[in-house]
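Remarks on the structure that follows.
Just so it is clear, A, B, C, D and E label the chains in written order, and each chain counts residues from 1 on its own.
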């Protein structure tokens, strides 16, 4: 049974090891890169450290109307994000699931508000929705004024946050294997049921991230709001008003309030998406 | 809901409007007060272009109001209060002691401002009346104190990038101690609770009586956006108010102007550091 | 069951074939097997027979995609309950019954990620069966499995389908699995090139490509030299090995033409042990043993003959008798009667 | 050879087809969803249509200083984006490639500037980089003033754009299979060479998208710039000044100039990333 | 070549074994084969012998990962030139030579996506060889290939390694491929359970898990009934089929204990054709034929015996002689001498 020989190949082990490049300045370079990275991070973090240092912790006191602004901000942001989800989800789904000639035009349309600086966006909105504009005038006749009204405030928040939500939701939908949706169809489920029971749960983390982003954007929207909806006053405009009326001391409490309200949702989403740590 | 009263006002009036006049008119006229404060010229231009709407416009100096008059949106504007230019300074400044001395009249303020390293702040003379007024004040001081070159020494060129800040950030810069001193209206400086140096009437632009004989001697040139050079003259630091012709709620607007001119309103102005209205109506 | 599909997008593919019991659809990778199954399930636009024009959710098919595609957010029983329609809760009892039928009582509450490949497949099967389909479509049913369990799972699957009396069409590129089927269909060049019972198909591939698909390792080309009517044979020149071969008369091959030919590894023979069985060699071929594998009672060897590698199977006893060893020179016999030839077109 | 029978299973074909649900209101629902999506898109596009309508095409005329603002904007934006790439790339690479306890803190630090409204961000920067602040004072002694200087302008742009770049670059790096980098190492290439020759080319599209985003953000940055760098005046502040100075008519040419300068890069990146259309 | 690896992260794995010529590392999925190869290449932190402590770029190994991992943005020749170091352009000529050595002259300018699986592998091979490695590490070298070409590519690969005289360690979970190797190493339970020449390992698996890995289909449990010293045998009760088995005396098994046992499918026998060869059956087992596959000269059948499925191989002639058919009841013989048993621990 042992007549079949094994080829003796092990002699090759003597090949020289020296032909491989030495580690030269590699370690040094690694340190330089790491230093750059850390410096960058520190740099980004500095102003927040500065805020902690500068805040007069003993005298943090809300101004009159600050709580009202909080209520306005939270209330309308919830509404705005809901609306954005309402119309942004179909748009995102469409972008994720269909491909057609001229799709780039649609993509561009979605991205335009994101690429327009907020101040300019505010001006554009006045041009279209202002009381004497081509759209605002007929709307005004219907009793819908879009300057300094809750509707205008929503409008500003929606334009400020919708593109972010759509982009995030689109990639969340793209992350759902089409296989699973097709399977659901072959199992006799309608496309509608498939969407609610399969696509939505499977993209929920990505959608959550999109909602968190939209939330932060809508809550913090300032440039657009300043132009078309000075009223009702939400936190960012109130920040500005406080700054003008009372000065910096009135800004600190509002700033911390803002962080307190704005950050939990994104942090929660971040924590959730990190949990099943299965990036392979 | 209650009808809305929209007031557009020069940004420096924020504290008075939002904390005193606004609440008062809400009670009196049963309206919902909505104030919008920003650079007076900016607001006037937005109103003139019908980008925003308001019932009442309150301007500082006649200039912005005249923009609306030219646009046919305002007829007669009435004076409601006045103020004066002061030099505000930061209590944390290295030179705070010197400023204190100047405020007490022990040293000339213009010498403190000329100390090397003093950081002075003001607003954009192109877009903000206050930015123009501080230039006039310095030009007048130059003559008044017989100190040729004083304006140039303190301000540098009219458009001096190291001194000019956006209006909303100017006083908060001072508060956070990031500049040593800045121009300011007495009223705004008081509501920000900042220490300040009063200027003589001949410099602080508050007295319409001095306009023809004294203030009008100050001129400076500024380049218009269209490239033409315009020579500017002083305008008295008077606040004018008017109801706009396209006001959605003119009745409430009238009520608001009435309130401002009433003794009750004037008391509020006074409490926030404003002086009584000076001069006649603006036609 | 008669199946017909006419696909234009994403590839052009026309196929018409029978499904008898457990049928294997064999084709190389990228040949369009998955596309064909999807077309039948209604997931790819196509004209099909049966079910033409119905949307996927109305086609009575059970489709098991490549990789099973269980819903990762649902437990095993929920996956099945989903297919039963209505609320998951209400369908829990029947779902668990279906799982029990595929031998997964204890795993009903696990999530797909916690199941082994074979268990996942059984859940997918239970889920597909929940709709009482008229046909099951299985895409690479064993590709997610370890080689060591593949055959067993496949055998289980075939037995189960037989018990349930549901016709099944399983796509694969592994000829190995086809052997267990009741019927097989060969897909090549975007069409059906052959169908039949596995033993018949394995015994007589219709084209050289079919032979490749079926796992024939000894595939070579040759030139037709001449026909020899006197011995009722045709003489070929096997160029790669530089020798002549005698094969049964193939009058359709024109002398001078290039042909493809195959011979099963079983029909490359060592000389027999017993002298009395020794016959005059039909096509003696000299080569050097380059690979040698022994598994159980069988030996597989590969001989280098010129540029070609000729594979042979032999019972271990015979190989041992001849002292088969790496590097050894040896003459073997290619049995003429089992050589199959196809003329090249063009 | 034909003794082994084929099981006769084909009788099962008679199972009823009726147990599968009908198409009920599915088509109607599909239309409603599509309508929602289209309405959403139209809604996002409206203000841009409005701009086209409102622009007085005959009288588009640049104001004095507009071209200067353009030069300032483009010049410093190029510089800012370069700097952001310089320090953002190591940060992004680090976030993509290492996992450690407390990584979420680093992620939060990166996201904070993105979550802070620009106005507040500007104030934070004054607090930290103003001439008398804890950071600004020592820097001032070194001759680096960070108020109304080109450096301050850059600072504002960097804080406004770096988070966007880092987030995009991180996901670009995460998209490069680690396998390929490891292979490169086993082939004798140093980590340095691996980064330049393998990681970078393979993540170039994603990095490009990040650069485009950073470009738009830096170019359009208004809130932060307004507070800490009124000068040198770039396009957005000039837009604001023109608006106050001259009114809306002076805004149109600048807006169009802005789109003309700002959009080509993102559009190009979009076009490039669409080209190999291989989303499976 | 002696290899030792001590891995703590991501899994704990200690392995020490020999590499002789073309060596196959066989282990189930998730067993840690890839991790072990990566450890040797320095890509996973571990103590290894040889190369201990060197960073990956200084280890003289050629590593071909699962799926080949060609650089998608580089052409075939550029992929090879990259490994030669320096600028790609300067290395074009030697890179093309290396490609020519693996038979890819015409494909040198194509990109990886344009190459077939086998061609990609050859490029990866050329690239790995560019560094003149002391050992080649191949992770699932055939997993990306069609079943029909897998064996051929593997055979090519083995021949090539032999010609180049470079030892190679190939990880796979497919016992099939191991048969071609010079040496094989079995990984199970995170350690090396057996190593040796393939024929020896296939003939005598060291554990029941090894038997599973090696593709033994007939794996069952039984209870030890008693030892019968008079016939030098041990009697087992095969519970699933409810019958007793007689196997060679295994004194180490305690009566009453549960054991695992296997028998090769080749050693489950049909009665012989010729009367004179008929011997008294050692372990007659009655079952019903449930699967039947014919490929070439061999027949594979699976018989249902109680709950168990017993697989058997038989020459086709013999199966035909017995008229083997689906559903038929039949008695076969399990050859006692080829049954292997392992007592269960605990």
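By our rule, contacts are C-beta pairs under 8 Å (C-beta built on N, C-alpha and C of every residue); 3 or more make two chains touch, one makes a residue touch a chain.
Just so we're on the same page, UniProt names per chain: A, D = Putative ABC-type transport system, permease component; C, E = Putative ABC-type transport system, ATPase component.
Quick caveat: nothing in here was measured; it's all calculated off a predicted structure.
For subunit C, the chain with the farthest CA centroid is B.
Taking B-D and A-B together, the pair of chains sharing more C-beta contacts is B-D. If you average the CA atoms of subunit D and of subunit E, the two centres end up 50 Å from each other.
A straight line joining the Cα centres of subunit B and subunit C is 89 Å long. Looking at subunit C, residues 55, 57-59, 85, 131, 199 sit in touch with two or more other chains.
Subunit D has residues 1, 4, 7, 20-21, 23, 123, 127, 133, 188, 190-191, 243, 248 in contact with two or more other chains.
Each of residues 51, 168-169, 172, 176 in subunit B touches at least two other chains. Listing the residues of subunit D that touch subunit B in their complex gives 63-65, 122-123, 126-127, 130-133, 136, 145, 147-149, 226-228, 230-232, 241-250.
Interface residues of subunit E, counted against subunit D in their complex, comprise 38, 41-43, 55-59, 61-63, 65, 67, 69, 71-73, 82-83, 85, 127-128, 130-131, 292, 294, 320, 323-326.
The touching residues of subunit D, counted against subunit E in their complex, run 1, 3-5, 7, 177, 179-180, 182-191, 197-198, 201-202. Listed in rising order, the residues of subunit A touching subunit D in the complex are 20-21, 23-24, 26, 29-30, 33-34, 36-37, 39-41, 43-51, 53-54, 86-88, 90-91, 93-94, 99, 104, 106-121, 123-125, 127-129, 133-135, 158-159, 162-163, 174, 188, 190-192, 216, 220-223, 236, 239-240, 243, 248, 251, 255, 258-259, 262-263, 266-267, 270-271, 274, 277, 279. Those residues of subunit C that touch subunit E in the shared complex are 28-29, 146-148, 151-152, 155, 158-159, 173-176, 179-180, 198-199, 202, 212-215, 217, 264-267, 290-291, 293-298, 300, 302, 309, 313.
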